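Heads up, the next two complexes both have chain A, just with different partners, chain B and then chain C.
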Partner chain A sequence: MTQTTPTSGLRSDKSSLKYTQEKAIENSLLAVSTLAVLSIALIFLLLIYQGLQGLTVFGGETDLSQYWSATIEKQELVRNPDGSIKTDADGDFVYEANPVTSYDWQPTSSDTKKFSLVPLMIGSAKVAIPAAILASMVGLLVAIYLSELAPPQVREVVKPALELLAGVPSVVLGFFALVTIAAFVQWFVHIPWVFEFLTQTPGLNRLMFPSCSFEAGPLQQTCLERALKLGTQGTYLNTLVGALGVALVVIPIVATIAEDALRAVPNSIRDASMALGASRWQTAFNAVLPAAVSGLAAAVILGLGRAIGETMVVLMATGNASILSGNVLESGRAITATIAAELGEAVAGGDHYNALFFIGAVLFVFTFALNIMGEIIINRARQKVREGV
Partner chain B sequence: MSEAVKYVPISKEDLSYKSVRETFLEGLLSGLSWLLVAFIVAFLGIIVVRGFPTVSANGFEFLYTSPAKGLDEGGVGPAIFGTVALVLLMTLFALPIGVLTSVYLVEYAGGRQSSRIIRAAVNNLAGVPSIVFGLFGVAFFVLFLGRGLDGLLGYSTSDPLFGKPAILWAAATMALLVLPIVIVNTEEALLAVPVSLRQGSQALGGTQWQTISRVVLPQAVPGILTGSILSISRGAGEVAPILFTGAAFLLQDLPTTQVFGVVPFIDPTKQFMELGYHIFILATQSSDVEKTRPAQYAATLVLLVITFSLNFAAIILRAQFRKRAIR
Partner chain C sequence: MRTPVKTLVAALTAAIVLAPVALAGTITIKGSDTMVNMAAKWASEYSKKNPATKIQVTGGGSGTGIKSLVDGQVNLANASRQMKSKEYDSAERNGITPIEIKTSIDGLAVIVNKNNPVKRLTYQQLEAIFTGQITNWKDVGGSNSPISLYGRENSSGTYEYFREEVLEGKDYASSTKVLQGTAALADAISKDTNGIAYGGVGYFATRKDIDTVAVKKKGGYVDPIVKGQINDRAISQGIYPISRFLYVYTNGVPKGEAKQFMQWVLGPEGQKIAGEEYVPLSPATAQAELKKLEG
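Let's turn to the complex of A and B:
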């Protein structure tokens, strides 16, 4: 920079070497940022493309209904009009193939491969919904307490603890759920009065244990006890254990977003409420909370998105049996865990592989929609605060 | 009117129905918060208490020995090495792209449409489930790029060089996952550099790139470091993206090679053992899950110590950087 002639200025001389250099740098930076965006677009496109490949799994026909249910032939014994089992001349039982609607996820079954998403969606819902409810309750309440009511000394302890929890890798939480939470749940449901409550309440036991919904008696008691102990590999893994583990992942996320939303509420609102004679509690719940409600809603939505997308905790702690059951004390197979457990053995380009990409695309679209929704709500809330409405 | 106005001071002795109820409810909320803290402490305490004896046995040999007898005995040496190698390669990918993208966003694209699109895309990338990155890694990096490279270099699909799970592809997948962390932190650091510094540089005749490279970026280094440390911590803890892109159960060899026959370096085409994946395998797939429980706790403790010390470093760095930015 020894020369300082007027022509060395950028704007004045577009033919100068320096100008070309600067333009080149700007353009290469643009190229790199575009690469970053392209990679995101690529994820999107690739999943959609592979997902569409998944639609052609079944003999080249594009048939979405295969992902809902499949009609399979089921061999059933033929009965005579009088109710006895029909036999042929040799005395063997006669079988007859009847069409049955199946909602199964059995992608590697030896006869008919079944790709119904129903059990997987039930599994995901059984984990994500209880986890999101629990995490939202704890996360929102803690956020309100920390931001509006807690003395600074308390804040200085609770906040770092939450940050610590947020920094724990999900595989560690999965391990913790697998070992400690599973044992805790097992102990809890076997506390006599809890067990009694779960199994003796007429509506509840049918809901929780539909397979034991016959008349009350010792037989049903045995069935219920067995159902409670149900689990894979001798450990008692079920979707409740998974949901508690996932809640631990989601709590810091909900709490952080909710606290940001509460902090964005201008102090003038608090001051005005206090000046009218309201207590801190009244101010928090009647003045600040309504002003921050959209931000809090966004926290819950983003928390739900995270709960649906969580993989390792679900893979390790839910038992992964793809069964049709609404009971959170039974095993379940979530979409994320299905991909994680099965992609390793699926042959690239095969039916199973394409079906896994299809469910991956479903998962992606779903979480993406939730994220965009949360994002839009947060942006609107910010705008509202900025405009002072 | 003059008689009706009566000042009632609100004091702690005010035991009206409302204040009793509020004190009670506030007590509940504070109880919930403390319960959460107690839970977190207990959770970490259990892992430390159960894990430490195994880690510290025989002069911390758990940290550098290989697994023995399948996975039943031995340490996590190769897994620690694999984790470090993974995050090194990942940083190599993510840091330049992330930093350059943020420089473009902050210094060139200001509030333009393109910057809004890039920012929205980056924000959404942060919310994509990690297993989806794993799917993408398999389909794009391993099968498309890897097999494509093999085709160009003349390797067959039965004996591939790149077209198989490898640490290179695991690192690339992980780099995509941590890209938003790098970008967000770098952006924050760049925005914290006062405009007056840029104006000063330009007033002295510096071009935009000279201003960025010699004035703005040096000021933003702590912020960029914070972002990379946080992303390394995230990368060390995530397992789902590497399940199919390169992590292995048990390997005899470290993923290393000799460059020019002498200099040891990470071999990007080999598979590797990773700490988080090792915990997952030990806890769910080993032959006797109960027997390897101490090793599981120990490996968990090692992983937690690594991620927490990284996070701690990032927090300290960020605090100092914010202090400086205020000055």
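Let's turn to the complex of A and C:
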């Protein structure tokens, strides 16, 4: 007891060897975490630098407006008044060049290269939004059930199962989407009453028009007639298939974050609600849910961010046609899939390469903003809970 | 405690130092997805005869293979198109001198669903269909239903060759659904009654659920597959119009094992395998290509 150094604190004696060791370990840990943050910052800088290099403003070959649309001379077939194709004396088709505004993604075209982001953004939105809506609904309900209503035995099975789903590689989910989900969607939208409902409801028929792969017969004829009238027709691989696959990726994320938010609600709220005579259902939906609402919102936003960033499932299951169509049963080319499919091929430093970095930067900014938003909302929720609401 | 660690370190060092020696018998080949099956067959047959030589074959597309050759990552690049001047430029910058060797001939077939009544198309019709100017089968003698286009990723040599040869360099319609690989295209067409796609003839010869279209450039219609057999004569003599050479690119005149391998590929055994997947070179062309190997 004589002259003991104060070893009860967090640190060892400054002069001891142990202190030096601890300090060294601490510093190296700091270095590692700085490295992680630094690498994100450097990735962002690289994306922005390489992406902007292609712009004419910075000495590149691509004008910023080209990322939206371009005016091109398009060779179009000339048709006779009766709709047949006009031919000249030799029987050759007659073409005429018409100026059109093109919203095309044709980065390797042999004449004018076209870099419009519009079809890619439509493709990404057609996958991410349905996926996020579906995953939010399922994820939030699962979270409420697990946190408020489930008996412990059920929770013990469902929670690990959900975590297991989060661990499935997305290429496996992509394969599942390509083989199983695609066949299921195809079967489902071709059930006659579903088909009638989808194609006869105004508004809905533009968003969900199935492919006409019925057995040859009157139903196929009807479908083809309606498809021609509407100018859209679905395909076997489409953005809905992609969205369902992506939803499988996102559900565990939404469910885990939402469950954490619900568990963070103090038990005093539950007790008070119960004491006032509310049932468990009423407590869950009228007392706990409102208290956790900002945490749940964060779960949804982070889920949306993940849905936009998902690549493999989208590349495998959506058909990757860069078209302007709101029909989710038609194909779509997402930003992520475009980068994955084309970057390996683009000549380094060329305009195609720079354009891919540019759309990468756009994607990064978008998901980064969503993540920041999610974090802010989560922090606010924590603050609220700490202050006792 | 020390000794096992030391042994381990020594072993690892030895492995790292000796690795290049051990790998000296390895030929790496990368490139065209069209050629990957044929190259794999060459590799396995050749390795059976020469067990000392290991050959690694990977696909990824002609552009990817050429890029790897230019970056010095592989010994040979498979390509279903010729190298572009841009690619020659970057090769020169990296100190690499690509040599082009023809290995076989590939016919590109246009395929439709078995139930599609349209079985013959002219170049003009194909151009108008794939550029999105004709969008209904009734315009080319079929039923009144929309045409559903399928194609390859823009890294594919097939994509570029078909565009230059049939589309006169015009862009594909943006409604083209992009699938990864020729087998995926064949599957899609077998499911989609309104579908049309293009791809290497070798993939379609054995498929019963799709049909190849007879194509007319000048003169008459020629079908690349007749009664389930590839129409070798029409393709190698250029009577069937959509055909191209399949190349292997090497860095400089190949030496040692790479040279022996290429001689074997151009010899009777290699050409026999080429004939199983595609169409073999005519003897005169094969001789001319063999001369290139002598430098």
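We adopt the following convention: the second predicted complex is superposed on the first by the 292 of 389 C-alpha atoms of A that agree within 3 Å, B and C clash if a C-alpha of one lies under 4 Å from a C-alpha of the other, contacts with A are read in each partner's own complex, and residues count from 1 in each chain.
Keep this in mind: a contact is a pair of C-beta atoms (placed from the backbone, for glycine too) under 8 Å apart; a residue touches a chain by one contact, two chains touch by 3 or more.
Because the structure is predicted, anything quoted here is derived from the model rather than measured.
Residue contacts after overlaying the shared chain place A:Tyr145 against chain B, while chain C stays out of touching range.
When both complexes are overlaid on chain A, the residue A:Phe357 reaches chain B alone and has no touch with chain C. With both structures placed on the common chain, the touch criterion links A:Gly344 to chain B and to chain C. Looking at the shared chain after the overlay, A:Val250 reaches neither chain B nor chain C. Of the two partner chains placed around the shared chain by superposition, chain C is the only one that A:Pro107 touches, whereas chain B remains out of contact.
Contacts of A:Leu134 after superposition on the shared chain: neither chain B nor chain C is touched. Legend: residue contacts after superposition of the two complexes on their common chain; A:Pro119 is shown touching chain C, with no touch to chain B. Overlap of the chain B and chain C interfaces on chain A comprises residues 233, 235, 315-316, 344.
Those residues of chain A that touch chain B in the complex are listed here as 1, 4, 8, 10, 18, 21-22, 25-26, 29-30, 32-33, 35-37, 39-43, 46-47, 50, 138, 141-142, 144-146, 149-150, 154, 157-158, 161-165, 167-172, 174-176, 178-180, 233, 235, 251, 279, 281-282, 302, 305-306, 308-312, 315-316, 336, 339-340, 343-344, 348, 356-357, 360, 363-364, 367-368, 370-372, 375.
Of all residues in chain B, those touching chain A in their complex are 10, 18-19, 22, 25-26, 29-30, 32-34, 36-37, 40-41, 43-44, 46-47, 96-98, 100-101, 103-105, 108-109, 114, 117-118, 120-125, 127-136, 138-140, 143, 176, 179, 183, 204-209, 233, 236-240, 243-244, 276-277, 279-280, 283-284, 289, 293, 296, 300, 303-304, 307-308, 311, 315. Taken together, the chain A residues at the contact with chain C in this complex read 75-77, 84-85, 92-93, 104-111, 114, 119, 211-213, 216, 224, 227-228, 233, 235-237, 315-316, 319-324, 331, 333, 341-342, 344-345, 347. Of all the residues in chain C, the ones that touch chain A in their complex are 60-61, 63-64, 67, 86, 90, 115, 124, 128, 131, 133-134, 136, 139, 144-146, 148, 153-155, 160, 163-164, 169-172, 174-180, 188, 191-194.
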